[in-house]
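Each chain carries a letter (A, B, C and D) given by its place in the written order, and its residues are counted from 1.
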C-alpha cells in the first residue's frame, strides 16, 4: 500500500524473534499498527506449503441459483487464469502488484464446492476446502444468508472470505466480520441510487405498495426504498412481507390492486422476483391507470440471469445493478472482452464481482508480501483502486464494504434487444459519492485480526 | 351348576350403530371356573358383545362388572390388566417376531403391568420370562419352532400361538372368538383337548363358536344371541330343545 | 366503505378459488393414483414441471393450443412407462418404499431438467388469447368501481372445473370408471374376482399423469418454469390430499378450496400464512382422523 | 434374543467405538476431513435416534427436524446470550426439547400411518415458518442465528477434535443405549407396536405410553444432535427446521437399513460423504447421480446397506438374516394381503 512502510516477512520475523519474550505483552496494544506482529505463526491455513497456492470457490451448483453459481465459477476460473498467465483486468488495475505469474511466486490453483444455497451445506463445503485442501482464501455465494454464514466461519477459521453475490446491508453491517470482504453493493445503495430517478421518471406524487421477501435482505431493501422514495415525496401505502420462495403471489397482488397505490415495489430477488414480476404483469399492473397515472413496477435489485426468466415482463421496469456488460470503461471492457472470448457470451454481475474479488485478494497478498491473513486483511482495508469497473473503488476499512459507482438500469423491450443477453439498458451511472454513507449507519463489530 | 360367584356380570347392555341395534338389553353372567359358550346366527351381535367386554366398544347403556368391579368405560389395556384375555377370530399375533418373543411380550405385560421402563434388563436366553414362554409354547405344541417368525406358521398354529400369548398372562377370564374356525377336524380336536386341559386350572372361559361339535363338547352353559338379544341361556341339553333357538336359526336362514 | 369491502371479499374469494384450482389439479391426480393403486407418488410434482417444460417447447415452436393437446398425451405415456417400468414393482412394497422411490425419481427428473434447461426460469409467455385482464365489475353488478382479474387465472379455474367434470363423467359413466371406482373401494375384492386390474393400473397411473400434464400446461405460466417448482408444489398438494382424506377425490377438491381460501384471506398477515396452512392440516387431522373424507383403514 | 448377548455386545459396541474414535484418522485416507467426520457422527446420532422411532415402533415421522432445529436454536441462543459454556445450554436445551417433544407427541401420536407423518410434518413446518417470520427477531430469520461465541466446556475450548470426541462419545453411548433398549423388556414392547399395536393393547399394554416414550427418546437423540451441531459450529441455519432435514434423516435410515441401528448411521455417513467428497469429483450433476443411486438402492436393496451386506454374507455362505422390507408399516392383515397380491399378479 502506498505511503506505508512494508517490511518483508522474513526480516520482520528476524527482528521480532529477538524480542519474543516481551512481544506477547508489549505488542498487544499495538495490534493495529501494521507490521507489528509478534510472529507470522501458523494461523488458519497459513503458511502456504509447496509452490502452489489454493483458492476455494464455493458456489451454488444445485438449487435455484445454480446458473448464477455456474457464471461465478466461470469468472473464478478466468481470474485464476489471468493471475497465472496475465491478461484481463490485470492490465487495467491500478495500483497493482500483480505479476501475471501467480501470487507471491506461487502458481494459483483452486478447488470448488457446492453451497446448495444452504448456509449449513455451504459451511460444510467451505470446511472441506479449509481443512482438507488448505485453501488460503475462499469466495462465492449467491445469497446473503450463505455469505453471512461463511463470513462467520471465515472468522472462526482465520481464513479470508471474499463475498460474491450478497446484497443485504447486514453482510457489512451488523454481521460484518474482519475476515469477510464485500465488493458487491447493498440494499441501502440501491435505494439511494433509485430514489431520484423514480421521482424524475414517475413524478413526485406517487403512492407505493411494497411486496417484500420476508427475510433480512428484503427488510433492509424495503427500509432503504421506503426511506429513499419518501424523501422524494412519495407515500408508502402498505407493505406485505411475503414468504420466501412463494410460487404464487396472486393473493398479495389482489391486495395491491384493491388499494389506491399506483406503484408496486417488488423487494424480491431471484426466483421470487421473476414470479412476482411475471404475475404482477399478468394482473395487468403494467397496463392499467391508477389515480390518473400509469401504474409502474419497480424492482430495486436486478439480476440479469433472472431477468431472462422474466421474459418480456421486464420491459420498462427500473432497478439497480452493480455491473452491466455494456459498461465502456477500460476495466470493465478488459473483463467483458476476455470473458466473452473465453465463453462466448457476456458475463453477469455475479461473474464480475466474483472475478474482481479474486483479483483484489491476490493483489492484497502481493501488496502485503505475505499470505499471512492479518497482513492481507490490512492490505485490503482502505485499499483504493481503479480499473476494475467505472470510477474508483474503495474498500472501507471500518466495515469492509467496497464503494464504487453503481448503475440504475431499465428492462429493454423485446424489440430493442440485439440478442438474448441484451436485456437491460443503463439509465444512469450513480457516482460513488452519492451512495456513500457513514460506517456507523449499520452498527457492527468486525472482530479481531487474530483469534484470542 | 354354578361353581361359584359370577366372575363376569353384564346387565342391560345396549349398543346401536346408526340404524342397527347391535345389542339390546343384554344380560349375561359367567360363573368363576365355568366354560360358557355364546352361539347365534350370523350378525347376532356375538363379536360386538365380546368387543364391549374388553372395552373396544363402549355400550350406550348397561353395566359390565368383572370380579365385582365395574369395568365399563375403562381403556382396553386396563380391562385386560384386571385378568381378561381374548383370542380373536383372525389370529392376532406379532408376525415378524419369533414365537418366544410373541409370548414374552404378554409375559412382560403380566409381570410389569401396563407400562414399564425396564431398559437395563436384558431378555437373554436364560431369562425367566423367556423360559416361561418356552415352557408354555411347548405345552401348546409349538415347542419345535421357538425361534421361527410367527408369520410363517400355519393358520391353526397361529391360533395356538395366540392362545399361548393369552395363557401366559394367567387370565381369570379367557374370551375365545371362534377358536376353531377354519381348522381341520384333527386340529379342532387338539384345540378342544387343549382348552379342556386348561380348564383344569379353573380358568373361566367364554367361547363364541359356530361349530356345534365344539360347543357341545366344551360348554357347561350356553347363551343364544339373535338380533342383539339374548333369547335363551342354559345348559346344553336345555338349549338343544329350545324352540325359540330353532326358530332364530331357521329365521336367520330365511333372512339369508 | 361497504362497497370496497364487497370488492375485497369478491377478489379474495376468486383468488382463493384459483389458488385452490392448481392444487386441486395436482391433488386429483395424486389421490386418484393413491386411491386406486395404493401408491403414494412423490414424483407427481416432477411430472407437473416436466409438463410445463414440454409445454414451453411445444408452444414455443408451434402454438399453445397444440401444447394443450400434445403435452397431456405425452404425460399419459410417461405415466404408463413409469408404472410399467418402475411403480408396478412397488405394489407389494411398504408405502415408505413407494414414497422414497418416487421421491428419488422426482430428484432425478428435477436434476435432469436442470441439466437440460439450466436452473433458472425459462419464460413461458401466455398465448395472446389468454393475456390481459377481465373487468369483473362488468359481469358482477354488485362490485363497485373498477375490479380486474387476470384472464389466465380465470381460464385456469375453468380448466380445473372441466377436468373435474371430465373425470367425474369418466368414472361415473364408463365401464372403465366402474372398475376403477370398485378398485378404489375394494381393491382386494376386485383382484379376488379376477378382474384384470394390472392393465387398468397402468391406465389409471397414466390418467393421473395426464391430469398433472394439464396442470403443467395451464399452471406453468403462473408458477413459472424452473426445475425445483415440482418439489415446491408437491408439498402443498400432498397436504391437500391428506386433508381431504387419502384416496378421496371430492375430499381433495374441498381441501384444495379450503387451502386456497385460507391463503387468500390470510394474505395481509403473510408472516403467519404458512403457519395457518399447516394449522388447518393439524386441526382437520385431529378432529377428523382420516381427513375430511378419508376411508377407514387406508394408509394407517 | 441372541446367543451370548453380553460377549456379542461387548464386541459390537467395542468395534463400533474403535471405528468411530479412529474416524478422524481414516476419513482422511478416503478424501474426508475432520469437520466432515464430526458432522457424520452428529448425523449418526440423529439417525440412530430416528431408528428407535421408525425402526422399533414403525412410526414414520416427517418432522424430526422440529427437534433438531429447536435444539439448535435453543443451544445457539443460550451460547449467545447466556454463557459460552455448553453445560447450561445442554441442560436448557434438554428441558426445552422434552417439553416440545411432549407437546408434539401428545398431538401427533393420536394418529398413525401417513396421518401421523403429515401431522409431524405440519408441526415442524409451522416451527420453520415461525423461525423465518414471526420469530426472526430471535432466530435471525433466513440469515440464520449468528454469534461471536466460541463454545467451551468447563474452560476447554470446544473446537476441532474436541467437538469430534464429544460427539463420538455421545454416539457410542447412544449406540450402546439403543442396543440395550432393543433387547430390554421395554424395547420388546416398542417393537411389538410395529408388529401389531392392536394385539399389544389387548395384551394389557398401554400402547400410547410406549409410543410416547419411544417418541420422546427419539426426539432427545435428535435434540442432542442439534445441540452438538451448534457446539461444532456456533451458527444455526433455518434449514435445520426445514422438511428437507427431516427428509434427509428418513433417506439415511432407509438406505442404511431400518431397524438395524447401525444401518441408519452408515446411511448418514454415506450421504454426507457423497455430498461433500464424491460431489467434488462429479461436479454440477452430483445430485442427479445421487438421485439415481438412491433410486437403485430402494429398488434393489429394500433393506438398505445392511441388507446388501447380509446378502453378500449369505452368498458366500456365512448366513445372515433375510429381510423383505425396510419398514413393515402396516399391521399384519394388510401386509398379508399385499403379499397375496404380489403372488397373484402375473409377470412378477
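By definition in this document, a contact is a pair of C-beta atoms (placed from the backbone, for glycine too) under 8 Å apart; a residue touches a chain by one contact, two chains touch by 3 or more.
Keep in mind the model is a prediction, meaning the values are calculated, not measured.
*Asks:* Where the contacts of chain B and chain C overlap, which chains show up?
*Replies:* Of all the chains present, those in contact with both chain B and chain C are D.
*Asks:* With chain centres set to the mean of the C-alpha atoms, which chain is at the far end from chain B?
*Replies:* Result for max centroid distance from chain B is chain A.
*Asks:* Using Cα averages as centroids, what's the distance between chain A and chain C in whole Å?
*Replies:* Spacing between the chain centres: roughly 39 Å.
*Asks:* With chain centres defined as C-alpha means, what is the inter-centre distance between chain A and chain B in Å?
*Replies:* Each chain's C-alpha centroid was found; their separation is 75 Å.
*Asks:* What whole-number Å value describes the gap between the mean CA coordinates of chain A and chain D?
*Replies:* 38
*Asks:* Give me the residue numbers in chain A that touch at least two other chains, ranges are fine.
*Replies:* In chain A, the residues touching two or more other chains are 62, 66, 214, 241, 243.
*Asks:* For chain C, which residues are shared contacts with two or more other chains?
*Replies:* 111, 114, 270-271, 273-274
*Asks:* So which chains actually touch one another? I want all the pairs, not just one.
*Replies:* Once each pair is checked, the touching ones are A-C, A-D, B-D, C-D.
*Asks:* Using the touch definition up top, name the residues of chain B that touch chain D in the complex.
*Replies:* 54, 56, 75-77, 80-81, 85-86, 88, 90, 92-98, 100-101, 104-106, 108-110, 112-125, 129-130, 151, 165, 169
*Asks:* Which of the residues in chain A end up touching chain C in this complex?
*Replies:* Where chain A meets chain C, its residues are 62-68, 214, 240-243, 245, 247-248, 250-252, 254-255, 257-258, 271, 274-275, 278-279, 282-284, 287-288, 305-306, 308-312.
*Asks:* For a test of understanding, state which residues of chain D touch chain A in their complex under the given definition.
*Replies:* So the residues of chain D in touch with chain A come to 28, 31-36, 39, 129, 132-133, 136, 140-144, 146-148, 150, 159, 233-235, 237-240, 272, 275-277, 279-280, 283-284, 286-287.
*Asks:* In their shared complex, at which residues does chain D touch chain C?
*Replies:* Per the stated touch rule, the residues are 60, 107, 110-115, 118-119, 122-123, 125-126, 128-130, 132-134, 243, 247, 250-251, 254, 285, 287-288, 290-292, 294-295, 298-299, 302, 325-330, 334, 337-342, 344-348.
*Asks:* Can you tell me which positions in chain C touch chain D when the two form their complex?
*Replies:* Those residues of chain C that touch chain D are 40, 86, 88-89, 91-97, 100-101, 103-105, 107-108, 110-112, 114-115, 188, 191, 198, 235, 238-239, 242, 246, 270-275, 278-279, 281-282, 285-286, 289-291, 297, 299-300.
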